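Below: the structure, in structure tokens.
Chain nomenclature is as follows: A, B, C, D, E and F, assigned in order of appearance, with residue numbering initiated at 1 for each chain independently.
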Amino acid sequence: MQKVVNGPECPECAAEVTIDGDARVSEIVECLDCRSELEIASVQPPTLTLAPDVEEDWGE
Amino acid sequence: MQKVVNGPECPECAAEVTIDGDARVSEIVECLDCRSELEIASVQPPTLTLAPDVEEDWGE
Amino acid sequence: MTRVAVVGAAGYIGGELLRILTTHPEVELAAATSRRLRGRQIDGVHPNLRGRTRLAFCAEDRLDHYDVLFLATPHRETMRRMPEFLGRADTIIDLSGDFRLRCADTYEDYYGVPHEATALLGTFVPGVPEFHRERLRTADRVSVPGCMANAGILALTPLAEAGLIRDEITVDARTGSSGAGATAGSENLHAERSGALRVFAPTRHRHEAEISQATGLPVRMTATGVEAVRGVQLLCRARLADGAGERDIRSAYRERYADEPFVRVVAQRRGLHRFPDAKILSGSNFCDVGFALDPESDGVTVIAALDNLVKGGAGNAVQCMNIRLGLPESLGLDFPGLHPN
Amino acid sequence: MTRVAVVGAAGYIGGELLRILTTHPEVELAAATSRRLRGRQIDGVHPNLRGRTRLAFCAEDRLDHYDVLFLATPHRETMRRMPEFLGRADTIIDLSGDFRLRCADTYEDYYGVPHEATALLGTFVPGVPEFHRERLRTADRVSVPGCMANAGILALTPLAEAGLIRDEITVDARTGSSGAGATAGSENLHAERSGALRVFAPTRHRHEAEISQATGLPVRMTATGVEAVRGVQLLCRARLADGAGERDIRSAYRERYADEPFVRVVAQRRGLHRFPDAKILSGSNFCDVGFALDPESDGVTVIAALDNLVKGGAGNAVQCMNIRLGLPESLGLDFPGLHPN
Amino acid sequence: MTRVAVVGAAGYIGGELLRILTTHPEVELAAATSRRLRGRQIDGVHPNLRGRTRLAFCAEDRLDHYDVLFLATPHRETMRRMPEFLGRADTIIDLSGDFRLRCADTYEDYYGVPHEATALLGTFVPGVPEFHRERLRTADRVSVPGCMANAGILALTPLAEAGLIRDEITVDARTGSSGAGATAGSENLHAERSGALRVFAPTRHRHEAEISQATGLPVRMTATGVEAVRGVQLLCRARLADGAGERDIRSAYRERYADEPFVRVVAQRRGLHRFPDAKILSGSNFCDVGFALDPESDGVTVIAALDNLVKGGAGNAVQCMNIRLGLPESLGLDFPGLHPN
Amino acid sequence: MTRVAVVGAAGYIGGELLRILTTHPEVELAAATSRRLRGRQIDGVHPNLRGRTRLAFCAEDRLDHYDVLFLATPHRETMRRMPEFLGRADTIIDLSGDFRLRCADTYEDYYGVPHEATALLGTFVPGVPEFHRERLRTADRVSVPGCMANAGILALTPLAEAGLIRDEITVDARTGSSGAGATAGSENLHAERSGALRVFAPTRHRHEAEISQATGLPVRMTATGVEAVRGVQLLCRARLADGAGERDIRSAYRERYADEPFVRVVAQRRGLHRFPDAKILSGSNFCDVGFALDPESDGVTVIAALDNLVKGGAGNAVQCMNIRLGLPESLGLDFPGLHPN
């Protein structure tokens, strides 16, 4: 079993984000609620920042 | 060519309704704008009333 | 084993009830009625049930007494016959529109005929597990909401209850063709209906009365038939109450639906599947609910989707039955839907 | 013969321009560019043109000078290259989004990048014959509106001009997949897009800025991809000004559109086809416009439909060209659409 | 101006005739009959014609005498009433199945009823311009082939005539829902027909008799309803005669069809659109024909596609009329079809 | 609990395996690989699994050892990597085409490249429970047939085994778009693929080799893409052996399939649903098989339908797994399909 850290809040939607115990700074995790891509800013204590958005232009 | 009487207004939408010269009382005509079914109430002068609606229940 | 029966079993809601009930581990499907097809195998009109059952339709006068009786008959007809049906089962679960509105006047206003069983109106518990679960545990008369109404109720009630939205709500509903039932007419002819974007209710669709009753807010609803057999999607617009923001909305949904087996909050920032879409819900009992705030105004767009025959009808009814019978609530309802589909 | 050319001719708008221009009796299609397919026959990607033309795509650097040059290239790209295009034709008809908005800030707000040819912004005449016919007769730079925008402009402007509606307007748009162009990506993969009800713009779709600019009213717009290749339908909601009623609405449309060859008012009381539906408009240059009043409130629902590639794009552009060249306005545009379809 | 009339004008073939005839520059559409809808505007059921005509349907007893009378009525009914129709026009163009087969026994065999106007059987010229153009120039009675039959005749006759194929031919036909006409029934209910792959004729579809009559070869034909409103595609299999090869096939088609305005040979080695596909033919009068040889056997696959309501019906009928009247053969038939669609 | 893993889990077959395995009561889904989406939640691309699992995709190098490993990777790639996969599981169930044909030459002939693991070719048991159940009980390497191949094998083998048909068989296959997998390209762009009748294999579709191998008869197969996401239908033509008749055919099927949980014989004389139609099979593990005899010749038409992702892929693979593990064969596979749909 992977260890998980009971995590920080998603900066977008305030959901609690679970991160692996062995996660490193600058890794990307996904918020399970709003599916933002979040970058691990620090691990002790765990903090997250919003990763830059890839533009999704569906053009229609 | 059929003779047409330059007609009365549609009671629903006020469009001018054209009726055949030989139209009779209680015949049904269609308003070309709103497609109401109209009954010829009199011919001299021409007047129209709304024919009873068939219910269209599309249920969805 | 619980003995159940379905009236109006040759229709689309009836067929979906049969699909779910024939695979439900705790019930015995004892009878399925059809006037037109009495004596015929049910898999003749519901070919997906081939190999699953050898049951034939019976006439309604062959009904005896059941633990649970599902009514999948047209509105108007159902209210007339309700007294008779009440005698035939411990629990009645009605899928028609006749006992959804508490107020007889509102019924007449939206259905165009006076209600013929007004004394019974108040005796039905709304078939909305998410908001009436406790009452459903003991309810003997359940009235399941309309397909689009249920989507609207699930999407909007948490926000209304929490005081997060105010004023009038507008609802733009889109629906597949099975919502109109199995009766052939030119409006449902494939060549006419296929690919249509048919605004069949430009104002005042009936289900607005149900959503309004549930949320306590004024609702204006339109409905458009779109290319689909199953599926309903609602796009609702409301105004945020003063001070309300994205997190409040999200929390309201989270709190309400965290433990609900069949409501999912879908409001994502990335990917193809960011908001509720009926496409992936066919056959499933989920109602997906999502939202987006207009960054420049106090407007919020709320989106909901479900399969009209399942969470919008038969599945929801079986969920109510499970609750009434004290069974696990998801029994017989675990099909998650298909992707792609 | 008028010599015309199309840039971006391998795309969907480009292809539709080719369809119309190859059957147009007064123009000679002199060039059609594609970077990727230069040298290839145009009927390779536009198979409906088999037997109609032997033209091959050419590279853009092979362009010389034309009477009319149509631009069917992506936004952003088009503004960058506009100076170059302006030198290649007497009249430029641009189908991209880059010169539709008069205000550079609004452009940046809705397109996410600063405008790169602000000096040219004010020099384009809106490609809306119904409201700018006189200016179009002499216009050398025409900017055709977006597909959904055009439907919204044609549906709402008569009411706004006549002062019949007030406050904010909401627009819920539904669109087929060709609106996204011919570039393959997972969002347009058949198995994903087929049957979808995909809310791709839950708020602030770009075209709301165009409709707002044309009507002078605030607009809030959502957009949903529905199962269709061609076709756009808009369902708009507005509030009536004090005293305004059904007849005023109908008169406003009648006056505006009585002599318009390509706008029809469709608001009927009976039948299957009571309101505008894109289903019957594929290939036609019509925009159908209809409405219904809520009997219990001051709300009015306005509905519009068109084929995004024709009245929402190529057909409208050719209509503008006909006006500019002093030709009969419907030339090459007389296909009425199919039923059933 | 040539005065024409259409009997059975409220149906799908009737509507397509009206579409073509109202835009045809050399004819005046003088009457369109419907029993059920007499007195009603024709655009009520054919909404694509809004703004194109103010004609109303008339009862059949209001018919007088026309230059050309098109019959778009059901088989069986048409043969009974043919004597009456013959008196009402100089030229009759019949779209029903009643006068396509020369042999009364074959008719009975395939239609299940005896022919009731056997004396007239031999008096109709087949409405196949590609093979009977000379006779059509003076024909007063024309019988247009069935939709799938026409595809089969155009695909196979050149090979049969040139002696390039031998033995039995098998034909697997796929058809859209408009082929079954505008009458609502459960088989054409949208929810049932949508997405169907319904083998409605697992053997001996009627049109095999027509293809066999035209090619002189035994034919075995199946038919499957597929998801489409318009469109027919045939996949035929034959065996090559000794020594015949790909070039012979290609030459046979080329010779036959080089100058034909409405038959295109589509058998390409690359690209998305290598073989005939009905998808791009909606509304067009083309029949596309293609083929591929099995590298390991003497088998050849022949593919044909058309729009059942156009080259498979109304368009082909108008092409015959143009020939009969000495008009340019493509008049009113120049719509090339749409891509994408 | 049996520990299973899926390689290629982001694709359509992979997703369908995940759907079935996450609801299967006797297995634990321990890993799902994707190179492109490693680290991402699996419900991001398989949105029907929302709320069912919190599993994320992992990279292939994170795989350890499993009881059963499913391979849902492209052909060619799979054979190259098979040695590696064999070390990672007690039982391998391969869904690619690489180990279906026993003969390396036939593989090269149909796949266009030499086989790269010929030594392994003979070591795989065909994943056809209906004909190889006993071997499957102990098989450690299973190769599941192609989607259309499985339909053909189930439709034709009973007749071939019983000696009821002779000579060459022709197969006309129709398939939905999910059969081509989840990779976007212009051939699968919605606007191009929607409504298509695309003959992508006019002769010699690959699956003919599999059907021929299973039946021992020569097979000529074409394949056409039709409008559908899921679903395959085959229309096969064969000649009856001397003396064989309808009853023999029906008996042969009955004997073979009486106890099969997932093959149904559908050849009815009445009703809308007389022959196998993929429309009602989406999500179900059924293969429906039917037939009709030509009353005038020795021809028999055999029809089969299935969902390519279920009985044509993932469902069939799980059925094989159940057999291998000694579990009830239908476990996890009881969804009957939807009607209407």
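In this section, contacts are C-beta pairs under 8 Å (C-beta built on N, C-alpha and C of every residue); 3 or more make two chains touch, one makes a residue touch a chain.
Composition by chain, UniProt nomenclature: A, B = Lysine biosynthesis protein LysW; C, D, E, F = N-acetyl-gamma-glutamyl-phosphate reductase.
Computed from a predicted model, the values in this text were never measured in an experiment.
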Please give the groups of chains connected via touching, computed with chain B left out.
one piece
Report the chain whose mean Cα position is at the greatest distance from that of chain D.
F
Comparing which residue numbers chain C and chain F contribute to their contact, where sharing over half means same and under half means different, the two sides are same
Of the other chains, whose C-alpha centre is the longest way from the centre of chain C?
E
Counting C-beta pairs in contact for A-F and for B-D, the higher total belongs to B-D
With chain centres defined as C-alpha means, what is the inter-centre distance between chain B and chain F in Å?
62
Approximately how many whole Å separate the CA-defined centres of chain E and chain F?
38
Chain centres from averaged Cα atoms put chain D and chain F apart, in whole Å, by 45
For chain A, jot down the residues that touch at least 2 other chains.
35, 56
Could you tell me which residues belong to chain D and also touch two or more other chains?
12, 177-178, 182, 186-187, 191-192, 194-195, 229, 271-272, 274, 277, 340-341
Across the complex, what residues on chain A touch chain C?
12-15, 33-37, 53-54, 56
State the interface residues of chain F toward chain E in the complex, per the touch definition above.
170, 172, 174, 186-187, 191-192, 194-199, 202-204, 220, 222, 224, 226-228, 231, 233, 235, 237, 272, 274-279, 291-297, 299, 301, 303, 305, 340-341
Residues of chain E that touch chain B when the two form their complex:
39-41, 44, 54
Contact residues on chain D for chain B in the complex?
246-247, 250-251, 254, 265, 267-271, 274
Within their complex, state which residues of chain C touch chain F.
12, 15, 19, 22-23, 44-52, 178, 182, 229-230, 264, 266, 271-273, 277, 280, 282-284, 286, 288, 334-341
